[in-house]
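For reference, chains read A, B and C in written order, and residue numbers begin at 1 within each chain.
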Amino acid sequence: MSLAGRSLIRVDDFSAAEMQHVLNVAETMHQRLHERQTMLAGSILATAFFEPSTRTRLSFESAMQRLGGGVIGFADATTSSAVKGETLADTARIIESYADVIVMRHPLEGSVKVAADYASKPVINAGDGGHQHPTQTLTDLFTIQRARGDLNGLQIGLCGDLRFGRTVHSLLAALGHYQVKVLCIAPPSLQLPERYRPPGVEVEQVQRVEDVLPDLDVLYVTRIQRERFPDASEYEAVKGSYRIDAALLEQSKPELLVMHPLPRVDEIAYNVDPDRRAAYFGQAAYGVPVRMALLALLLDAESSAGVPGPAPLAQPVEHHPRCPNPDCANRVEGYTEPQMLLVGPHQRRCLYCDLELTVG
Amino acid sequence: MSLAGRSLIRVDDFSAAEMQHVLNVAETMHQRLHERQTMLAGSILATAFFEPSTRTRLSFESAMQRLGGGVIGFADATTSSAVKGETLADTARIIESYADVIVMRHPLEGSVKVAADYASKPVINAGDGGHQHPTQTLTDLFTIQRARGDLNGLQIGLCGDLRFGRTVHSLLAALGHYQVKVLCIAPPSLQLPERYRPPGVEVEQVQRVEDVLPDLDVLYVTRIQRERFPDASEYEAVKGSYRIDAALLEQSKPELLVMHPLPRVDEIAYNVDPDRRAAYFGQAAYGVPVRMALLALLLDAESSAGVPGPAPLAQPVEHHPRCPNPDCANRVEGYTEPQMLLVGPHQRRCLYCDLELTVG
Amino acid sequence: MSLAGRSLIRVDDFSAAEMQHVLNVAETMHQRLHERQTMLAGSILATAFFEPSTRTRLSFESAMQRLGGGVIGFADATTSSAVKGETLADTARIIESYADVIVMRHPLEGSVKVAADYASKPVINAGDGGHQHPTQTLTDLFTIQRARGDLNGLQIGLCGDLRFGRTVHSLLAALGHYQVKVLCIAPPSLQLPERYRPPGVEVEQVQRVEDVLPDLDVLYVTRIQRERFPDASEYEAVKGSYRIDAALLEQSKPELLVMHPLPRVDEIAYNVDPDRRAAYFGQAAYGVPVRMALLALLLDAESSAGVPGPAPLAQPVEHHPRCPNPDCANRVEGYTEPQMLLVGPHQRRCLYCDLELTVG
């Protein structure tokens, strides 16, 4: 099985071996970042961003151009045909006829899966609502591996908005491939939803970062995203509930990695920036070589021959009921077929948004 | 006469032979779509979009980059200097100094002609209000020719918003070059304005698609565009007045081409998509090779030597009165000179928006 | 000292010799404008525009691509992470990891200096509020030199909004390198603030352009920018207070250069356009070769070896008080350190916005 022509919608679309292969190619890309490369000359990336983004969009555009490819696209929904009432399926089928690979960000959970289901070219999920953000996860893993060599044996703290944070949800799915201990650090109202807890990973929930900081190898901080909260008072109650600063870090290991997918607001004080533990700007920069590797592999400019692919789904899929999650693309885009994984006799899991529900 | 350096504002800017030459070059471009080409390396396309667009803008940007050229531009009016009060003439003269060819979309009828009148480099009309959209027409003709070999002898149904639909207006102007029968299918309030009826083409008006469907070779459907209606109640009265679905298509010829310039809302049901008669996604994809051909010809990277050009205007032009159409660029941009074609002793036709008026 | 790797935030970041070197390289770029060049192939320019722009952004993008480089970026603040509350310092540090050089426009005075202070790659100021716009100045100087050979001995009239016009402020800083006489032509409420008056330049203030027109070699007209006025009534009182037209120009020298950074509203009548004195469209076009030269020099693709750099600051800098100017980045971005130049015992000059204040 090869990565060429495949889509990346959720972390488990790739096997552990395939993810590691992307990271290995990314290492090569990183070494040659400032050489002029033309391996994707003649290819075109379409960036379809229905939500604003600086980091993800620009790093993809940079990655494509650093490999000699071209870029087309739109940076917000108002300049696309969505304002004329076009469905996601139509947008995907049209854009793919102008490009060789599509990167999409969209506010609905499962929206990028819809695009991939209707398109025949590779589609990459650059964030689908509060669901997943798998290329951020590849970048996160690359950052940890380059600093520590290996993930196995590490204690990893996830701090902040674990409820709505798609970067956290994707990272957790990947951590299932390693022997790690995960500490979920958040106020109760922002704790990790059960459905994002990966099987086989040791997860502990705590409220205060101080209680676990001395043991951590990685502290992964996320912004509390105002735009994901259903109401403003809930946001006001939790904003600013934690803040990492230089004084606090004195309690940590000297080789701790402080990571953040950025942008930050005030979760990490500016006085952390000069500390050698501050890994977040390097992490942002690694987005380019990681995305170069991904694009080169999906477009078959780098080989992935012989790398074992993911196991097929173990459980059958049913086409009812329609997902009840109001933010799920299966609910909002009425022409899409429900895809419910039978995870138990009365348990279903929506393949668009990962909501688990009890039926019958 | 050569196409190099020319502008394409309205379909009759090109002779029938020149349009066919563009389509012939497009066929070559289509064959080589996935080869790396550099014939426009060093050239720059400016996309000046004062209205949102996915299809047209992205397909032009893809076309230019597939030929090795670069792209600059803006995707909506708010990021351009128009918000500072700049005239179209000034915008055109400045942008042309940064690029080698300009593609413009603008809400005013005749607006792109104003840009072309003031610029010395080629300007391509990507839609000027409810007036024309000639590169869509080239794409439409390419789609029909590839499927049917020839247009002569075909029965072509135009269905939907024939009043405000610029793609229909441009297509009709081109159909005057062929022996075709045109069926205009629309409720009376959306029927074709007299001024868009091409001389020498057999045109019949009907209200129901069912009445003519069995005889049609092409069914060209358009969206009813809410944004073109002067008032909302008029729109509500006609929206949803026709809908093509799989059941309806059983009455049609098996080789019928169902076309649509897209985006669709609900004029064509999703159950038509798998039908071999559904030509609209292929039609969208053909936008790239057709626009590659056009760019290559206007920038003289492909030859058009020996192809006869259009006949000069048969009637004289007067510089009064100013056009009374409130959506015409001649009325809104006060510095432009009226250009009235004397089509009869008391009849004038505005060269910006094609409005016909009686004078004296 | 070399220009490679340097930033250009304000005109005096470059010595007179360095500015002239940029203009000399621009002359070469202008000669070869339509040759295919690849000297920046493999390099990427990031355009970070927090305010709309046609001219400056598109000319930079054209310049970069004409040299074979790639472009990423955003055209307005709503598609960037600034809407998520990110600071300028963070935005700059992240964008620089995706690109080789950054061009930034932002409404705050001194904002681009903040970006340059935090980034390690070259940052170019494309307009920071009402403060400076140095690449416009390079273009202005190039326009005058090409037409007149030399600036020394010329009489230069600056007409319009001398109070808020950043192009005028930057041009004046550069005119200090030449033997010129400057006429500031504006109603009293729009006259030049004292802090933008360059030492050693003969400056005279007048209200009416008619009084000085016959003696002028250059008439540099600017738009009265509604968006810079603190209140609307002040704008209404001065708008339209001067207007250059063909009749007025009859009083001028035949070799006068009428310049304007554009866009114009009605400061220069359309009947001036065909006059040989109208230099503004040529001036706009020169933006491309000038910016090509600047990019090539900052990215070390053109040499600036042996060109003497600017003198170091003659006065010491203190880190208090914070600048009181409400439009200054030092005031708005709270994490930035005040940088006050001691220009006298009780006089300070803010290095962000050039405000002079009395202390103690």
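Keep in mind that, in the parts below, a residue touches a chain if its C-beta (ideal position, glycine included) is under 8 Å from a C-beta of that chain, and two chains touch if they have at least 3 such contacts.
Because the structure is a prediction, the values reported are computed rather than measured.
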Legend entry - Interface composition of copies subunit A and subunit B: same or different, split at half: different
Legend entry - Angle of the C-alpha superposing rotation, subunit B to subunit C, to the nearest 5 degrees: 120
Inset, instruction - State, to the nearest whole Å, the distance from the C-alpha centre of subunit A to the C-alpha centre of subunit B. - result: 41
Inset, instruction - Send over the residues of subunit C in touch with two or more other chains. - result: 71, 75
Inset, instruction - In the complex, go through subunit C and note every residue touching subunit B. - result: 34-37, 49, 52-55, 58-59, 61-62, 65-66, 71, 75-76, 223, 225, 227, 262-265, 270, 281, 284-285, 287-288
Legend entry - Residues of subunit A touching subunit B in the complex: 41-42, 44, 46, 70-75, 78-81, 83-86, 89-91, 93-95, 97-99, 335
